[in-house]
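Attaching a single structure in structure tokens format; questions to follow.
The first chain written gets the first letter, and so on, giving A, B, C, D and E; residue counts start at 1 in each chain.
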């Protein structure tokens, strides 16, 4: 799982049936301790109800499908599993503490 | 899942039986917020019907197989699960908004 | 699995039910042999009981869920599976030997 | 799945029983559109019969095991699932078009 | 799977029960063709019996668990599945040929 921030949303009319009615959020990983190459945003479904700007925990694979209440047979593999209230990490970049 | 753009197609005569009759599209991840190292294109099957130039959401692993209507026992692990109509992400690179 | 150091903790009130009562630790991969791009921290559940500063082994996917005693159907995919007492790796960065 | 080129072979006498009798090919991902950091080669089994120099599509995880005709319980997780005849991708690096 | 070299070992007293009695080796991926960012070492269990300095093939996920003779329900996801006798890859870095 990684710590990210919701930066936007994606809309798709033509899509797998399993994505019908699901919000597709764009989640950008929080920056690393040191400067470095950026990691591209992830497209995640959102069973928790996050808003743009919020920090979230994203899970991949079967965990993402389990988080959506199914038996694991869904056509997606990334989901928000927690909305972050607080991060305590000494020396972390300031961005981590921005509530958004 | 990631947000990408269909940049081309691959043809293979000798291949796993599960790939028979399936279009193999090349999908290039949209660029990151900051400049950075490029990520190579992904080869994905396409149960949704995307065209070259379109922006798509790609899913990996079992999700890709579920998107193709099977029981998860296919010899591929990447599939287009949505064709993007619109992206709303403040500050995102211009490339994200190009409809293609 | 990777070798990392616990650098902090994340709190989330709104989250998947499977994360209730679980500590969400931030684990930063130990630096590579050569200098290089940083890898962002991972959010992992902790069935072993690690403290901030300790070196740990983190497992992903089903292994993480098995480590938590379940049948593999949990909404997370990273867990601490060992707390490191000692590392023996000739030429490794000094950071690897700091007990923390 | 990714697009790569077979660059060599690996021999191992002491190995998991599931690898007995299987060719272990080294597949190097084709270069990205822009220059960037190299991605290391992947070790893949080859149920399709590729030659060194050929361009191939490689699948990971369960897909790789399914491609080898099994029930998914093999001790490997990368396999060649297609030998590429042709790639059509506007603006792609010249390397992609070399038949090898 | 990737090609790496065993660079050391990790000891952990407090760990998941599935790791009891298992050697935890540190495996560093062999360098890429071109210079580039280093990839951190992987922590892998070793059902094959590799020594420090040897070149090995490492598998991830279920493949790693299958290599250890189980039903796939182990709390680890990386294992050595082969000890490399020889690598034949034209133009590969010299490091690949060092027997170690």
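Following the convention adopted for this analysis, a residue touches a chain if its C-beta (ideal position, glycine included) is under 8 Å from a C-beta of that chain, and two chains touch if they have at least 3 such contacts.
Small disclaimer: the values here were computed from a predicted structure and weren't measured.
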Open item on the list: Strictly by the touch rule at the top, which chains does chain A share as contacts with chain C?
Closed with: none
- [ ] Compute the rotation angle for the C-alpha superposition of chain A onto chain D, expressed as a multiple of 5 degrees.
- [x] 145
Task: Separation of mean Cα positions, chain D and chain B [Å, integer] - done: 19
Task: Geometric centre distance via CA averages, chain C-chain B, whole Å - done: 30
- [ ] Would you please write down the residue numbers of chain E that are in contact with two or more other chains?
- [x] 37, 39, 61-62, 72
TODO: Please categorise the chain-chain contact pattern as a line, ring, star, complete graph or other.
DONE: ring
Open item on the list: Can you give me the ring order of the chains, beginning with chain D and going next to chain E?
Closed with: D, E, C, A, B
Task: Interface residues, chain D side, partner chain B - complex - done: 1-3, 29-37, 39, 47-49, 57, 59-64, 66-67, 72, 79, 81-92
Open item on the list: Touching residues of chain D toward chain E in the complex: what are they?
Closed with: 7-16, 18-19, 24, 26, 28, 37-44, 52, 61-62, 65, 72-78
